[in-house]
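There's a structure below that I have some questions on.
Chains here go by letter, A, B, C, D, E and F, matching the order in which they are written, and residues are numbered from 1 within each.
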Amino acid sequence: MEQFSPMLPALTDEELDPRAAAVFADIRATRQTDFVNNFWRVLANDPANLERTWAELKEVMAAGTSLDPLVKELIYVAVSTVNNCTYCVRSHTAAARGKGATDEQLAELHAVVAAANKTNRLAIGLQVPVDEAFA
Amino acid sequence: MEQFSPMLPALTDEELDPRAAAVFADIRATRQTDFVNNFWRVLANDPANLERTWAELKEVMAAGTSLDPLVKELIYVAVSTVNNCTYCVRSHTAAARGKGATDEQLAELHAVVAAANKTNRLAIGLQVPVDEAFA
Amino acid sequence: MEQFSPMLPALTDEELDPRAAAVFADIRATRQTDFVNNFWRVLANDPANLERTWAELKEVMAAGTSLDPLVKELIYVAVSTVNNCTYCVRSHTAAARGKGATDEQLAELHAVVAAANKTNRLAIGLQVPVDEAFA
Amino acid sequence: MEQFSPMLPALTDEELDPRAAAVFADIRATRQTDFVNNFWRVLANDPANLERTWAELKEVMAAGTSLDPLVKELIYVAVSTVNNCTYCVRSHTAAARGKGATDEQLAELHAVVAAANKTNRLAIGLQVPVDEAFA
Amino acid sequence: MEQFSPMLPALTDEELDPRAAAVFADIRATRQTDFVNNFWRVLANDPANLERTWAELKEVMAAGTSLDPLVKELIYVAVSTVNNCTYCVRSHTAAARGKGATDEQLAELHAVVAAANKTNRLAIGLQVPVDEAFA
Amino acid sequence: MEQFSPMLPALTDEELDPRAAAVFADIRATRQTDFVNNFWRVLANDPANLERTWAELKEVMAAGTSLDPLVKELIYVAVSTVNNCTYCVRSHTAAARGKGATDEQLAELHAVVAAANKTNRLAIGLQVPVDEAFA
């Protein structure tokens, strides 16, 4: 499907500066795939931001922490949905499926997101005061 | 702490109409506590909405589905954070703790939410095109 | 209730420059009350913005157009709820009541806002394609 | 126009489970048309959510309540605009037109939404304190 | 690239009413180009809103004030990114480039926007109390 | 002013683990003040996130890049306004003043933010198609 062009070009491997190339090598090694998606190719125009952002995602989304990687990916999809980021909803739903998310889990995730959005707006619109128990 | 008053009054048990009273009874039975928080007391001004919203939360947040109740509560906190609902962040963080969330898990949750918000804005601001793999 | 101070001071009538004073006079004449709320007192630090914003609200929210003033005020409350602006939710709910909004209408308004927020997130999170009929 | 595929498939009538089929029958009977739009077809992957969401919309958006159905539809468009839901803006604008909304009313609606968004951000950015009259 | 149609038609020069035509003439004179972009063509269906909005942008974005026009355009891009307005991100990034923004400045802008979004959510999600120094 | 407590405690200097203490030392050295605000004290519960976030802010907001530090701080205030983060609006407005922002520049900033929010919603609500010139 034809799309608009990004605000900075999606760089090919040949166009990367050495810092960006090093990040791409780590993305490929970490994910064990040659595929590097457009997010990183556009961000590669700013190697410092690319380094920071990849290092952050690699650390935050890693296995071996108190939250399961699939749970973290589902939270990522939830946030991307509320922020209405098409690219992020699509890429992180794909990532969640790659980590084993089932259709049922994704449907359930969106039922929770929907309910939360509903009650969030009711609490705000009706200006519900915080109970002492939650203060 | 003194707070502003809600847009519709937080009803006491004595002020509930019969439909709202029935919902409150079910909230108490389901949660096994006499405490009914302000969200429901304000929503009780609209018994039909109270019935719908409680029935939805009871069903969506229940145990026994494909996502663990704690995971669903963490997703709820994530959504409430992005929507910036103070009442909801506070009440659902309390609920998450009640379901066993540790400080470490909550800190990790917010690290994921923070990273997602960051990359969401980069994808939007740089107008990253969706890869064929995600289309 | 004690609150934080604004980013620019809420000006008293004595502190207004002549352009701001003229706007305040028109606010008082239009609303037929001496009360000028804090929004205008803070905005008065930028007389050009004060003039533009008051002129816009006066024109947009006026009676005699295709939408009833109460309907427009309810839409204002709905937008303020989604934007989570406490000041705006409170001041425009008061304005809606001043224009005749009942408790029942306000409750119904928030039921619509809640339902819309819920289905908005479902459409985004599930990436529902636009039907030809809506294209 | 070619579009991305949804995160869960848009089900045909033949692919519906019995609970979803019953909801579709009620949508058709209530709206008096054979057309069922993609929102419901994608949501049909989760029959419980489909049932809840349709029941909620049917009740909330019905005629015979304190707010006129057209007014409720305009509020729906306003919320969808602030949430930036393309699908929802388009489908509910179509619904508003179906309930009689004129070009003039739609233009006026967006003028109110625009003004509200503007003053919402001014109140937040300048941190305007809530007046006692609104507390 | 094929796109959906707007909610009100994008008017040609021949379809403008006299008030809208006068605004278009001023847009062309101010920008010193014959090109009038779709935003104004769609808004031209509501000549009063077209007049107000153009007058506001012309005044707010003008040179000769305390903030440089390029700085104001970068702020515009930042806001449009957070609001996730594709049309606005694209048109105001183009405007920023027209006022001299370099690739490096745009990349830096988005690094700031990304960092701000991240810390905004941490402050909200963790409910950080305002320090006395900022109160 | 009395406030709600944060979701994780604001740590005193004595409660910091060594990694957090090292970050606090760098904050103090970089800012040349002993004052460490609550944001960092709450984030100190997650030393890895504290390290990442401080390193990011230190690098992104530094002098000597293509955008002036004051310009970057103004962009930070703009984003915080749209995200409606009270803590962030207040702390970054203070930071902007510390970098020399005048009342006039802050007022102008908010006039731009207000105008952008207004036109963002018009472009979204009216579904304005992207011009070829911006595609």
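The rule is simple: contacts are C-beta pairs under 8 Å (C-beta built on N, C-alpha and C of every residue); 3 or more make two chains touch, one makes a residue touch a chain.
These numbers were taken from a predicted model, which means no experiment stands behind them.
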item	value
Chains in simultaneous contact with chain C and chain D	A, B, E, F
Farthest-lying chain, centroid of Cα atoms versus that of chain F	D
Chain whose average C-alpha position is farthest from chain A's own	C
Copies chain F and chain C - interface residue numbers shared by over half, same or different	different
Separation of chain B from chain E, taking each centre as the mean of its C-alpha atoms, in whole Å	34
Chain centre separation in whole Å, for chain E relative to chain A (CA means)	27
Rounded Å distance between chain E and chain F, as computed from the means of their C-alpha atoms	22
Set of chain F residues in contact with two or more other chains	1-5, 7-8, 48-49, 53, 56, 78, 82-86, 89-90, 108-111, 113-115, 117-122, 124-127, 130, 135
Chain contact graph, described as a line, ring, star, complete graph or other shape	complete
List of chain C residues in touch with chain D within their complex	1, 3-8, 10, 35, 37-39, 42-43, 49, 53, 56-57, 60-61, 65-67, 71-72, 74-76, 78-80, 82-83, 85-88, 90-92, 94, 102, 104-105, 108-109, 111-113, 115-131, 133-135
Residue ranges of chain D touching chain A (in the complex, touch as defined)	2-4, 7-8, 45-46, 48-49, 53, 83-85
Interfacial residue positions of chain C with respect to chain A in the complex	77-78, 81-82, 84, 86, 89-90, 109-110, 113-115, 117-122, 124-127
Complex interface listing, chain D residues touching chain E	1-2, 84, 86, 89-90, 93, 103, 106-108, 110-111, 114
Parts of chain C lying in touch with chain E, wherever the complex brings them together	4-5, 48, 52, 55-56, 59, 130, 135
